[in-house]
Structure formats: structure tokens, C-alpha cells
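Going by the order they are written in, the chains are A, B, C and D; count residues from 1 in each one.
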Amino acid sequence: MEFAFTEEQAMIRESAAGYLQNISTSADVRRVMSTEQGYDPGVWSGLCRDMYWQALHIPEAYGGLGLGYVELAIILEEMGKRLFCSPFLSTVALGVNALLVVASEEQKQRWLPEIAEGRSTVSLGFISSEDTQENRQWGSASVQSHARKEGDGYVLSGSWHYVSDGHTANVLILAAREKGVSIEDGIRLFVIAGDQDCIKRQWTPTMDQTRKLARVDIDGLFVSADCCLGGEESAGWPALEKVLQLSSIASAAEQLGGARQVMDLTIDYTQERVQFNRPIASFQAIKHRAADMMLQVECATSAVYYAACVADEYLSERSNTAGDSSKISDELLQAASLAKAYCSDTFFHCAAESIQLHGGVGFTWEYDPHLYFKRARSSEQFLGAGDLHRERIASQLLDSSAARSDV
Amino acid sequence: MEFAFTEEQAMIRESAAGYLQNISTSADVRRVMSTEQGYDPGVWSGLCRDMYWQALHIPEAYGGLGLGYVELAIILEEMGKRLFCSPFLSTVALGVNALLVVASEEQKQRWLPEIAEGRSTVSLGFISSEDTQENRQWGSASVQSHARKEGDGYVLSGSWHYVSDGHTANVLILAAREKGVSIEDGIRLFVIAGDQDCIKRQWTPTMDQTRKLARVDIDGLFVSADCCLGGEESAGWPALEKVLQLSSIASAAEQLGGARQVMDLTIDYTQERVQFNRPIASFQAIKHRAADMMLQVECATSAVYYAACVADEYLSERSNTAGDSSKISDELLQAASLAKAYCSDTFFHCAAESIQLHGGVGFTWEYDPHLYFKRARSSEQFLGAGDLHRERIASQLLDSSAARSDV
Amino acid sequence: MKISFSPEDEVFRREVADWLKENLCGEFEQLRFRGGPGDEHRYPEERKQWEQHMAQAGWLCVGWPQDYGGRGLSINQQVIFNEEYARAGGPGHMGHIGEGLAGPTIIAFGTKEQKQRFLPGIVNGTEYWCQGYSEPSAGSDLANVKTRAVLNTEQGRWEIHGQKVWTSLAHEADWCFVIARTEPGSQGHKGLSFLLVPMDQMGVTVQPIEQLTGTSEFNEVFFDQAVTDAANIIGKPGDGWKIAMALLGFERGVSTLGQQMQFKNELDDIIRIAKTNGAAEDPAIRQRIANAWIGLRIMRYNALRMLSGEQDGALRQEAMIYKLHWATWHAELGKLAMDVLGPEAELLDRGPYELTRLQSLFLFTRSDTIYGGSNEIQKNIIAERALGMPKEPKITR
Amino acid sequence: MKISFSPEDEVFRREVADWLKENLCGEFEQLRFRGGPGDEHRYPEERKQWEQHMAQAGWLCVGWPQDYGGRGLSINQQVIFNEEYARAGGPGHMGHIGEGLAGPTIIAFGTKEQKQRFLPGIVNGTEYWCQGYSEPSAGSDLANVKTRAVLNTEQGRWEIHGQKVWTSLAHEADWCFVIARTEPGSQGHKGLSFLLVPMDQMGVTVQPIEQLTGTSEFNEVFFDQAVTDAANIIGKPGDGWKIAMALLGFERGVSTLGQQMQFKNELDDIIRIAKTNGAAEDPAIRQRIANAWIGLRIMRYNALRMLSGEQDGALRQEAMIYKLHWATWHAELGKLAMDVLGPEAELLDRGPYELTRLQSLFLFTRSDTIYGGSNEIQKNIIAERALGMPKEPKITR
């Protein structure tokens, strides 16, 4: 047990902070977020070449750096601080994790190296119901696209909503189920090239402009059986669920960065802003609210890095034994929901406080708080907000026969 | 529309405040709360004689003062301020309301005058399940005592829990259902003398010592049919529910008083207590928390007197037409749940803040905050806490075909 | 104490409802439910026409005394009028600053000539007003006003220099009432005056402020050698603080009842969506919807308490909490709207940045807790004035 | 960064668990899960015997260096020891003030003679300590200490006058460390000294404070011509503030991990009840239980962050929030316990005022957010020291 960053990890953070500070200023964010693409291809390919972060937790066997989830969380936290606009979260948290957890050896060989080399971005779409209530749960019921078995492959049809960077991703991983099958196991993941003519991909403009969503429509696309991640008998919702849990931890790390940065810039502002002849930072009510923010941000830090350690253990147990024990599987669920619930609330709270404590300028377009506020809202929603994740934890604690609150 | 107190109402408040200030000091409360009886019989009979509050909203036809629910709320608010220990709430909110809403003309003639004259205290027991989950809901499922039809009457059996002042009440009104009948209409209310040998009544000591609870056990007591409130075909849960709604408004008024008083004494304390060379009331964080309390207390005031006006309209419509329209019936449910939910939260919040802002002495037995804190907790629970009442409102707003959010 | 209206009042309610039904249609139909907070910049010309149409039937300034062109309605009737107006979807009043602030101030403190000059334009819907209070470095702190005005006795006019900010409707207004420092070197509350300044002149520049919604209701107003006639001062030089404080009282009038009906429309929308999209099955959402409903009811009875009883002019406790309560409530409603919508909440009406009605609610309500006295200022006021707690100590360093 | 323990550490964990299983039984069985907060006054003699029993096996002061009689455990082993102790239901340490505060202070600042005199009593469980910090009018404000001590050079002893308050276990303690003003007329942080005073003397009176629970863990301690040997001062006269501040750092040690295990026992109780009585079906309760679980996990990782990495002695950010976090969490847990119990929560164990375990939790946790630096003080410290925000301005009037 050693719950502190290693020297190497501290160096990774430092270099990430320095790099992002140059490529993701407020002006950069504003410039890029107003485009449909949502990222600067030159910046992205530069990052892939210089920093190789897209390959961070891809094993060395597939051309990656072979680092762990703690390192990934560090990078994401730094990106979150800068509201960095890029397909990183989609590609690494959704795409790479799906391949690591679900894909067969052949599929890993096929796809991971081209991601590691920065040649492909990836996204994953699964929400595809027309029933809002099903979609609200971010669960297996939201997968309502269909994959009909035909010959040596499948015919895909459906509309996938809220696909992060889905309109620009080179590779799409899509979840679909056999028609008429409502059980969790009836779900399969398919990996396909994104830019095929028969795939209609449409950017859906969003309130948070720093993260792009798309809708993907397919009406009867034949894909061969080897596009089915992990083989035809594998996958299913339980595997996809693990991918989403790993992604939740990644998203939480990014939220943590956003929360910390928006807190810091707000406290800086209160030190400068003079009212009634004093910097407003000297008013006790402001100080106490700042302290409340710091408490939450520090707790969020513990939550994220604890969850990252669990993700590390999960991925290494999975790669060593090609399966996962129920113990580590339960722990991943708990850690992911804990981190996502806590960081969602923390980021939203800090961003809302930021607008309030900035006063009048806090709700102008010109100042930055609204960018964090909108990101806080969109990332809170992404993969489920606090209530949903708390209910998942409650279900583990209360609905099983034995209490599992082990510290 | 005139949402201000009349001159007469202002006078009632003033005289109530003056009277209670003398009979319910902190020392009085501490003396009386440590007894099993829970009130001072001399003080109680003095109050009945001098103030006639027990008869406040009993119609003049039955020897009462014939005043309204707003006046009742004023008295209860003042009692709440002083944590007055007496069977007033049980007798008037539970007892008199049950008789007003459910009893037949003969039964009113029989019982109301003796209450009006201060000869009898009353209580009402209905929670009688052994299943905690049923009891938590304070609803019809918690009525699990039995009334078996036998000859010209009924045989009562059961154990009634959490009966306020049930061990001292001269008259008991008890809810029971036909065995095997689970529907709401199968419930009847029986009014009986409290001090019969075959009724086992036991004080159950409670955390809040200012309000006494008892358990009432009956094993096969025959009561004649004319003890059945409103006649054998009347009553049912819907009528009892209205009684509990009226009682919730009464309880909320008392909570309001408690909240306001504990806020005031806390603010006074912060003005006196010097730390770091200043009264702590001068620290902005303390001031803002005081302002938050005042906001809640003022909102609670609006909630209580709005609800009291609705109760007034309900009781007068009922006495004029011997029935109630669905409109006023819905309004009573909403107003009662609104007031009880809001005042429960407000009182608990203010009492907790009181302990905190008193610092060290706040958690001593010697200072008063803990008395309010414990009363806040017990009254929050009584007839259901905030969540329960909010869910009742939500059910009206969301589960019916038409939205009913009419301002 | 009584919450129901008299039969006579109910007759009046029908009269208002009928008039609105017969008149808020045709060319005005498009204005229904428009022009509220976050939407104030829409249809300005059409809304002015609508207000002139109302004026012809005597429905502007209904609470003003008849002597000044008002309808002289009782408080109860004003409550009813505002409720019915909002229920019918009557558009946001372009003239509300004139009707609710400038007018009452002129009635209370103006000269006979000022009343004759300025009140008819407000009552007729032909002259519009904006408010010059906040300044960039003063913010919530009126005592720190830096805009200065000098009386040029030769030319018989005030000359004004300075900058105001957060001025809503400035680009639509004919007049602005400006708090300016008229005593050079004065500090704090002293030496301020309350001036009426025409907007259509060289010396006044209006610069819209782009908000987090991407729209601009608020403006910066620059006064650079702006002028107004020497007579256009309310009260005497140096009375500015006193008048500004009295005006704060006018702000909390019956129009709040109309505001509440708008809030009710929003809450009804949210309830309707929740019932349609399944959010109504989510227990946490249910609790929050019930809470929102409770808060709105309480807001109504807070307002009725303010309006009932003797109007002795002093701000009572329930009035001091009013702004803090509604602003906080409204911001929470905005968040609730998003959470009821779920993932769909992110999707814009259309690109590049056209917000849906509820997104606009969500974002714009973040300003409710800031403008017109932020929550923090409100809490200071409550603590110090209502609860008698000490003021902030003076700073020595 | 790594959250699992090494195989060697897991071996040690079994060793601790086994020893406790074999020893915390028989005559000591009754002490299991006793003596925690709100229960500190129970079984004092039996618990002292238990601590002496532990001492014989070397299980007191396990984190102290072996040179001073400790076991010299690594941080990880200390974590494990405290977790297993709490998991086994090990009773609250009577000696925790000696082990966690007095001892480390003497080790850091004491003379060789003081170490020889005082440390063995702590390590052996034969001498117990209490803490004389707070005063009635000083409260959270150590700089305002009024207790004074004068060196009587003739008799070679300090003479102490004054009053301390909120002193837990004072009636069971052999020694008290007292912050007293030794420089007459000094103000604020200056002129304070850190004295070791024997409790068993005429000049010391202990008066229990009755709490809202009806029990008394805390005391007032009166010093009226109390004396202690001139040598019983830590550091030099005037060093009191410096030493007291250093001691604050000692307070946040590995013992917090044991405290968390007690919290876990409480949460497990609540979960068990909720599953039994149906509260587990209530969606709002489910959210709150999940939240409590989340808070406890985070508390653990906050603590592990404090204990990991380089121990440079400076209080890091995660350490500054620690007290505020656990105290607030614990008070909420108390309320949750009541709400899970529902109406039953009101019923006492027995009259006249014997609280149940969970009632005691509910009431006693209200003090968690007050003693040892109230939440308000914690927030001031966080804002000023961690976030660099300005201190309160000095008062001029």
C-alpha cells in the first residue's frame, strides 16, 4: 500500500500540465469548440506524435506505452483542467477500453496498433432506444439497435444517440442486440470503419460546446462475423458494462481536473476583486465556501485515484487470467460509481459556485466560468449522474444477502 | 384575500405568548419532562380554565369557542416556542379533529363538551403493525389492530404504538380493521374511556422527553356499536387520513414556533459570545447562516398559515355540507404535506444549527438547544418526515392524468 | 387571514381573462409566453405595440392612482390582474422599469412638472426606461458609484461621465435613471444624485454584453459628455442614496405575482415532460419536483403576506427574504429541468448555439442569484437589518 | 500508487487478528465495541487492565520507535494494526492521549530525563493522560488562554491557577498537559508554556459536564494553586504555542484508520437494520446509505494519502480537510441512523434516559463538528492556510 504518486507519475503530471498549457488556452478552447469537428487535427496529431498519450495504457505488445490507469487519470485530470477539446476521452476511455476488455487477440492486433500510432480515433455508441426513460438509465435497456444474423455475418440497423465524437471517429464500436431478445446477454459489440457511405453520421450541436456528440444512423449494413468484438459467443452487456465502468473512472478524472481548475480560478478572482474596499476573498462567507470546495476537490482526488488503482488491478487481473473474479468485478463497479457520483457533484458544485462568486462577469460569455459550468453539466450526465450511480452502490449494499461495505 | 393576521388574531398571539412565558420556562420544561406523566396537571387545568384553548376550534354548539384553524395555529406556534409540555396537541389536533371530521352528531354531543370544559384529554392511536416498514409510512397499512363484529358491538384487539400521551389520556380513539380485510375502507375508529382495567397502557420513554409516547395493548375488549365513530358504515381510512392531515398542520405550526425560537435564542447567543475579540455574530459566515435560517423560518410561516387557511376552509365546508368536495380535499392533502415537510426540515435544520453555533455549550444538558433539537427530531418523525410528504405531493402532481400544480 | 378571493374579485378576474383572450391573439399571438427573463431581447417593436394596445384599454400601470393615469386597482385586483396576465402568456413588459421603478419614484419624489412630463409616456406605453445603477467596479456596492455629473449652470444642464453595466433593455429605452456623484470628492452614500437622462444622444453609447446564453439582454452604457436638462433631477442634489433606497421597496410589488405565474408555466412544462419521458418514475426527481412545487406555493404566500396588512412602507421580514428565495428557487428549477430531460438536455434547438427554452432557463437563472443584489448581499441585508447582527467591521489596513 | 498490501503485510495482519482473537475474550469479552465516542466513560478500570495486558505483549504505542519502548511498526503495519483492532471490536483506548499526543510531544521536544520519566508509563499502560487546552472564554481560540502559571523558584515548582474545559477522561488521568500563560501580561501566542501537571493533588478539581446525551465524557478541570515540579515543562517558557501547533500535527495519525473501522461498524449496523426493517426499500434512504458508504471510502483514501509519500512534517491539503470531512460525515450518519429506524428511533433503551447505541450516535455526533476545532475553525484554517485567502481583518472598534 502506497497511496502517493511515484516520482515518475509526478513527472508525467508536470509534463502534461506544461504541454496542455500551451495547446489549450482559453482562446484555443473557444476557437476549437465553435467548429463542428470539435478539435484541431494538427494539435491532435502533434500530441499523438510528441506525447503518445493515446497509447498510454495500451500494452507494449500492441505498440502502446503499457502504463497504468493511474497515469491515465493524471493525463485526464490535466486535460480536464484545460477543458482540452479532443477525441482523447472517446478514443482511449471508450475505444481502447472496449478493445482491451472485450476484443479477441486477433482483434487487438488488428486495431490497437493503429490507435497507438495515432492513425485512428475511436468512439463507442450504445444508447439507441427511442424511449427516453430507457436512455436515462445508461443501462442495457438503452441498447435497442439490432444485429440480425445473416450468413457469415450480421446486418446492423439502428440509431445511436449521444455518441461522443461519433461524427469524426475513424473507427466506431457499436452495441446492438438480436431482435426480440431483451436479455443482457443478447448484446454484441461490433467494430467497424467509421467513414462508410451507408453510415449516416450527424453532429448534434450541444450546450457544452467543448465536447461533441453525434447521432449515428444505420439501416441494414452487413458486417462480417469477425467484426463482432470478442467473437460471437463473447461480449454481452456484462462486458460492455465493465467498459463503461472504466470509462466512468476516466470521465471522473477529467471532472476532477475541471473542478480543481475552476475552484482555483475562482479563488484567484476573489483575491483580485475588490468590493466594499476589500478583496472579496477576505469575507468569511466566501472563505467558508472556498473551503467547502476544497474539501470536495480533495475528496474527489482520493476518489479518482482509488478508483484508478482498482481499474489497474481489474485490467491486470483480466489480462493475466483472461477473466475477472467476482471480487474485483464488484470492486470495479463500486469504485466507478463512487468516483463518477462524487466527481459529478463536485464539478457541478464548484462550477456553479464559480459563476456565483464571479458575480456579474460570471455569466458573461467572455469569462471562463460558463465553459466549466457547461462541461460540468454535460459530464455529469455522461454515463449517468450521481443519483444513478448511488443507486447502483445501494443495490450492491442493500439488495444482496450479505452486506458488502468492507472498507 | 387578506393574508395578514386580524387585530383579534394579533391579540390572541400576544396573550398566548404572555401566558406561556410564565408557565413554560426552561426550568418548567425540565421539571415536567422528567416525569412519567409529562405534564403538570395543575398547569393544565389552569390553562383550560383561564385560556380555554382546549376548546378553541370546537364549535360553540358543543361548548367551544368556535374559532378557526388560524387561531389554533397561532396558539400552537407559541406553545412550540416554549416547548410547552402538555396533552394539548393530542387532545386538540388528534382528538377534537377526529370527532369533528368523523363523529356522528350524537357522538359530538357526547364527547366534545367534556373536552371543551377541560374535563377530558384525548389521544388517538392507529399505528399498530409489528412490521416496521408498514409503520414507517404512517399510512393505512400501519393499522393492523382488529375489530371483530360480535352481537351489537365489536371486540377490539391489538397493540397501538407511538400513541401521544396515550398513557394519560382520559379518552382514547383507536383505529382497527376487520380481520383479514386489507382495504382502506375496512378501517373503523372507536372512541372509548382510557382508564379501563382491560386496557394495558404503558409509557414508552423517548429521546425527546418533552412529548410522551405510550403503547396501548388490548386483548379482546367488547365495545358497543355506538363507540364506532360516525356509525358503522362511516369512517374508513379516507376519513382518518383527513384527521391526520389536519393534525399534520397543527404539528407543523408547533414546529414553526420551535424553529423560530431556537433561531432567536441562537442569534442572541452569537451576539453575546465573544471569540477572537468580536461577538461571533459579526462573522459573515455566521451571519449568512443566520440569514438562511430566517429565510426558512419565514417560508415556514407562510406555509403554516396558508395550510391553516385551507384547514379552515375544509372544516367549514365539511360542517356546512356534511361532506367534502374533491377540490378542497386535494387541497388539504397538499397543504398538510407541504407544511409538514417544510416545517420538519426547517425545525431540524435550525435546531442543529443552534447546537453548532453555540459551540461547546451547545451540547451540554444545561443549555436549551438540545431540548429543541430532540423535539425537532421527534416532531419531524411524527406523522411522517419530509420525504414521505413530498412523495405524497409528487404522487398528486405526477401520477394523476392532469397536472395539478395550480398556484 | 383568508386566502380566498371575494365574489367581486372573481368577477374582475373573469373580466381580465376575457379581455386578454380577445386581445392577445391575431398579430399579437406570436408574443405569447415570450419576452421573459432570458428572452427579453425578442420582438421589441411588436411588444411595444402590444403595450400601447393595452394602454388604450387602460391595462398599463393598473396599480397607479387614477390621478396619474393609472387604474387605481386594489391590491387584490392587482394580484389577480398579474396572475391572469401571466396565465394567458402575456409577454414580458418592456415598460416594467418605467411602470415599476421610474414611475413610482417620480410619483413619490418628483415635482408636479416632472410628473406631467414623464408619467403619461409610461402610462401610454410610448416612452421606455432603463436603470443606471451598477458599475463595473462598484457591482453590488452603490456607495462606490464613480459616474459623475456636473451641473453646467451656463447651459442649464447636467453633464455626465461614467459607465453603467448590467443595464437591461438599454438599447430599447428612451430614458435612463442614473445614480451619479454630483458632489466632487464625496464618498460613500453622500453626494449622489438621481438624474433622468435621455438615451438618444451623442454622449450615450450602449454596448450589449454577451451572456453565457450567447444572447444579450444586458448592456454596458457609456456616458461621455452626456447631457440632460438641469430640471431632470429627482429630489435635490445629494438625495440620490435616499431615493435609491426607497426605490428598492417599490421593486417588490404585485408584479411578483405575475413573475410567479411565469414560474408556474415553467414548472408545468417540466412536470409535463417528466410525465412523458418517464422521469416521473425516478424517486429523486419526484422529490425535487415536489420540492419545487412547495417552493412556488410558499413564494406565493410570501408575496401575499408582503401585500397584505398595513402598508407602513417599512420593509418587513418576509419582504427581505423574497429575492433570495425566488432567485435560489429559480436556479434550482433550471437544474431540475435539465435533470428531467436527462441526456437529451444537452441537445440544442439548432446550431451554432440556439438554446431550447429550458436550456435557456437553466443558464439564465444562474444570473438570478447575482443581479439586483446577489444572494450574498441579500444575506448581509437580512442578517444586519432583519436580525440586527453587526455590520462588517471597518478595515484598517 | 498502489492500494493493495504486500504479502508480508498480510502475514502481519493475520498475526494481529490472531492475537486479538486469543486475547480479547474471557474477562475482556465485555469490553468489545465499548469505550468509543459517547461511551468513553464506561469500564475505565477494566479497560486499563486490558491496556496493560496489551502492553505486556508489546501492542501499545506500536508506532513509536523501539528506542522509546515502541514496536517501531511501519506505516502500513500501523494501518493494519489499527484496522484489525477496530474490526475485532477492541475497546476505545484510555491511553490514546498519552500515546497519540503527550508521548509524541515528549519524544519530539522533551529532555532525556522527561523521556525516562514519562514514556514508560504510557508504553506500559500504567499512567494515563488528559489534555488541558480549551477554556470557557477561549473556546477555539488558544491565543486567548487565561490559565496562568508562576514559577516559584524558592520551592522549585510551578503554581497554576485557572480553568480548563472539555477535558475528556480527566477523572481517569494521572497527568494533564496544560497550556498556561507563564509570562504575566503577555498576549496572544506569546508567553504561553506547555506544562505537565499531576492530577492527584489538592489543587486540581475535576467536574464532569453533563452532555445532551445525559452522560459525561467531558469535564471541567479547575486549577487552584495546583503545583508541578519546575522541571515539568516541555521546551522553554514561552514555547507553548509552538509546541501546541506541532502537536496538532500528531493528532492526525494512523489511529484515524481505527476510527474509520468504528465508523464502518456503525454503518454496517445501520445497513443491517435497513435490510431488516424495510428502510432499504425507501429510495431516499438508499441514496443516503450509498452516500455514507462513499464518504467512508473517501475518508479511508484521504487518510491513506496523508500517511503515504514523503512525511515532510508540513500539513498537506488532504490533512487539512480531514477533521472537517469526518466530523460532518459522522453527524450525518447519526441522522441517517434515526431515519432508518423511523418512528422506533424515539424509543429509549430504558427510562429514565438510557439511550440506545444509535441514539447515542445521533446525539453525540453533534459534538464531533464542535470539539477539537469546530467546523467553522477548520474552514477558516483551510481558507487561510491551504488556499491563501486573507485573514479576518483586525477590529478597530
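We take it that contacts are C-beta pairs under 8 Å (C-beta built on N, C-alpha and C of every residue); 3 or more make two chains touch, one makes a residue touch a chain.
None of these values were measured; they are calculated from a predicted model.
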item	value
Contact-richer chain pair (by C-beta pairs counted) among B-C and B-D	B-C
From subunit C, the most remote chain by mean C-alpha position	D
Chain centre separation in whole Å, for subunit D relative to subunit C (CA means)	54
Gap in Å, rounded to a whole number, between the CA centres of subunit B and subunit A	51
Mean-CA-position distance for subunit D and subunit B (Å)	42
Residues of subunit D whose C-beta touches two or more other chains	283-284, 287, 376, 379, 392-393, 395
Residues of subunit B whose C-beta touches two or more other chains	278, 283-288, 387
Subunit C - residues contacting subunit A, complex	134, 137, 139-141, 144, 165-166, 209-212, 214, 277-279, 281-282, 284, 338-339, 342-348, 350-353, 355, 359, 362-363, 366-367, 369-371, 374-376, 379, 392, 395
Complex contacts: residues of subunit B adjacent to subunit D	34, 36, 127, 131-136, 138, 161-162, 203-209, 213, 274-278, 283, 285-286, 352, 355-356, 359-360, 362-366, 369-370, 373-374, 377-378, 381, 385, 387
Subunit D-facing residues of subunit C, complex	283-284, 287, 393-397
Of subunit C, residues touching subunit B in the complex	1-6, 9, 76, 79, 83, 260-261, 264, 267-268, 271-272, 274-275, 280, 283, 286-287, 289-291, 293-294, 296-298, 300-302, 304-305, 307-310, 317-318, 321, 324-325, 376, 378-380, 382-384, 386-393
Complex interface listing, subunit B residues touching subunit A	283-288
